[in-house]
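After this come two complexes, each holding chain A, first together with chain B and then together with chain C.
Entry: the complex of A and B
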């Protein structure tokens, strides 16, 4: 592939990249600063704040809780949403139209209304689970729906699935086998992207956690909220750690995608 | 001997008749082309043979065996799809092996078959490439190889060249012909491109509105179309009504004349011949490489004339008067309704 050089475009892109990275860099710099007042750069650097946060048992538990809740929610979402989107795409076009409409729901309905609804659902039988961490997992699953739907659907539309199935039928390959060996690996990058985006979203989720499970189950964001009055430095450390974890997950996901693409 | 025999194939979706009692016989080793405009039913007919569409009625016999009720995989048919339908996550070799693996063949046999078929389509060096790393032409050759590797009794090609650009299309067309000749595989190709049909088909069936209008060899279809639809669809012949043709040649005539542009000869007829002579005026001249295309007018009738160009010869300019001669035996005539 050849690339054409556009100096103005390159400069603009670099400028935009630096602009976007600036808050992240500033937060990181703040997290390793000993003091930062009255100057453009910090007066000294130290990893003390990291030691304080990373060794804090409360932080460790909060991080673990957030990761487990997000992980479980994503696991359930993969298990429920991905097959549903695929099945609707192939076999129930009417259902698919409804799914396309439902995508907007988590964004269109004000969070407070959703919260009131959830609180009512989980306060009476048969789902009387109010305040338990499982509620958080269950409510995060529909929150993941739009990103999963859009990514899986786009990946499916990029494939000419009708012709692929027909080619398979003539070659003696069953639909189920073709789905497993061809369709799923081909849409895997889309699923991985949905997982990464949702993971980042769920790790930084605050409102649901605060309203549905309150103080009984401290997640990363709630821990951060609790630390807000202590020191800006510690908050910067938490944000940096959170950012690094998301970055790590992203790299892991893309590595997995890359390996699947070269191996399958 | 008839190898593939279709009789009275019919299919309708609601009130729409898609296939209207199609009868067709294809000989062994023949390259048969289904030609027609979009929506004429040619692809549906192909898919019915493959078993991807179930016709409402009719029978299909392949090598003496009734196949219309069989599952696609049991019909012994290979198919090449318009958009290749290659498995995007697999290499070329894996694409070819996938079908063979279903037949529980030994790995060594699978590899040998794949190597042999890759050699036929000249893609030995692309065995480990993925579809996205291939050009359109190479993808289509892989699709062909995937159909060939299962050693089908019949090969179906659904507009295999239509997604390619003109240059590659022509090259692949010649290659397709070579491969078909080499393998001797009975093939049915669907296309809406008359050049493709004429250069590839041993015989051509022209389809319209779910029916086969004419089945014949390329030259036969080109020079002796069975009706006006075929005449209009194939080639760029001048189609002149009886009245128009009578005016052109100055004699009474009662049939529609199909006269190809190259049938008009520029220059007077030799004496004593029974050729018609027409005094015409050049309206437009287009020199296109080795041919010159003229639009001419005579007795108020406009028609196309084609002549060979020559290196040191000027073509006739617009406005020039000339004499044309026509040999009526080189024209084709249809009774007027």
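Entry: the complex of A and C
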């Protein structure tokens, strides 16, 4: 870019970066300090607390539970949402318009509102599942919708399909076959990106985990909530580990984007 | 798309529509219906209680206050950061987007815990500021603490939403302005901001809704001590002495209306923009 950099804007950027990273740095400092001498500098450094947490069976189970619930929800979301977005894009413009509006659903209807409704829905037949982990799998599916819609739609728009369908019809290849053999593979990067981004979002879900299922099925967020009053060192290790997990997922997502960008 | 309408293909969307009906429409409908039930009979009693109770009124006022302040801060800083990133390389932008994405996902319990390590009674920054005599004491478990906490995810979300919007402003336009001697500040105030004005209004309403619906960060930082709307809803359904699920339904509907009106208005504005 040829436009000159405004010094005030550079300052803003640095100021924001430092401010946003401060809590993470403070947490990390806490997690490796063995004790404090009264000032801001720790008396010694050690990674012992990391070993304690990473080997803690309760932490491992919580991580496993969150991963399984998120995985199942994403599997269901793929099966339900991706075909619908494709169908709306090619054959049902009215539905497509409504889907575009539904993207803001998580903002218009925060989870705290839906949670109140779910308490009622899951307490009586035909969905009498109150308190069971399957409730999380089901309620996480609608949360995945916006990311799937945005990314699958972007991939679909990047394809030039009008000619493809016409050629297919001339050759007697059905639309269904084309969708399965050509369209689906070419929008796969979009689907993968939606999965990775949604996975990070579902790992951070707390309202449903606490209010619909509770402590008997401890997810990663519930584990963190329960351990927040633990010794500062152990709970700061938990937050740091969680931060690293999120960092890893985000890095994976951005690698996906980067790879598709350089390919095209 | 100009394909021959094929009704069979529309069936692909059927499972999705069923899911939407069962997991969004149905629960919302029960919230609405039950909000009109008090003591087993149909009444507007729950709504009357919200309107007359100073306690629930205060929870709305507190939520509105925190949300308005943090939305303003979020949009302002989000905009400044997004503008700054325009003049940076793709690499810097990508790192910033990744950081903002992480920031948005850290909202909740981990954010509250991290802020306690930074600003709590023995927080790293609290100790530094106290030692330097800048502050006497600071209580992070307060309304101020909540505002600071919300700012983190509000700014992160604003950056994520504003960056793509600014991409819509051609760099040629900015370069042309620069050639005729219009400075960066004037360009953004006179040209940039008006061009993306409607989208900024839409983003502002989303940020506001995001703050109004925040629960995890609030509960993990201040417990039930600061009277905000989401904490009230969760207490009313949690089945202890305060339990009154139907009142919770009415509060949830009231919150829904407070969020829906600005979102619908701003989306209509956006639609006008496209024509």
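Keep in mind that, in the parts below, the second predicted complex is superposed on the first by the 189 of 264 C-alpha atoms of A that agree within 3 Å, B and C clash if a C-alpha of one lies under 4 Å from a C-alpha of the other, contacts with A are read in each partner's own complex, and residues count from 1 in each chain.
Rule of thumb we're sticking to: contacts are C-beta pairs under 8 Å (C-beta built on N, C-alpha and C of every residue); 3 or more make two chains touch, one makes a residue touch a chain.
Quick caveat: nothing in here was measured; it's all calculated off a predicted structure.
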Determine, under the contact definition given at the top, whether A:149 touches first (chain B), second (chain C), both, or neither. neither
After superposition on the shared chain, which partner residues are touched by A:79: those of chain B (first), chain C (second), both, or neither? second
Chain A contact check, chain B vs chain C, more residues touched by chain C
Of the two partner chains, chain B (first) and chain C (second), which one does A:247 touch, if any: first, second, both, or neither? second
Using the touch definition from the top, say if A:221 reaches chain B (first), chain C (second), both or neither. second
First, second, both or neither for A:121, with chain B first and chain C second: second
Touching A:172 in the superposition: chain B (first), chain C (second), both, neither? first
Is A:112 in contact with chain B, with chain C, with both, or with neither (first, second, both, neither)? second
For A:200, is the partner it touches chain B (first), chain C (second), both, or none of the two (neither)? second
Per the definitions at the top, what is the overlap between the chain A residues touching chain B and those touching chain C? none
Which residues of chain C touch chain A in their complex? 1-3, 5-6, 9-13, 15-17, 19-20, 22-24, 26-31, 34, 77, 80-81, 83-88, 94, 97-99, 101-103, 105-118, 122-125, 127-128, 131, 152, 155-156, 171, 174-175, 178, 184-185, 205-206, 209-210, 212-216, 219-220, 230, 233-234, 237-238, 245, 248-249, 252, 255-256, 259-260, 263, 267
What residues of chain B sit close enough to touch chain A in their complex? 50-52, 71-73, 77-79, 81-83, 85, 87-90, 98-99, 102-103, 146-147, 150
Chain C partner, complex, touching residues on chain A are 1-6, 9-10, 12-13, 16-17, 20, 22-27, 29-30, 39-40, 79-81, 83-84, 86-93, 95, 101, 104-105, 107-121, 127, 138-139, 141-142, 161-162, 165, 175-176, 197, 200-201, 203-204, 206-207, 211, 221, 224-225, 228, 232, 235-236, 238-239, 242-243, 246-247, 250-251, 253-254, 258
What residues on chain A touch chain B, complex-wise? 159-160, 163-164, 166-167, 169-173, 181-182, 185-186, 260-261, 264
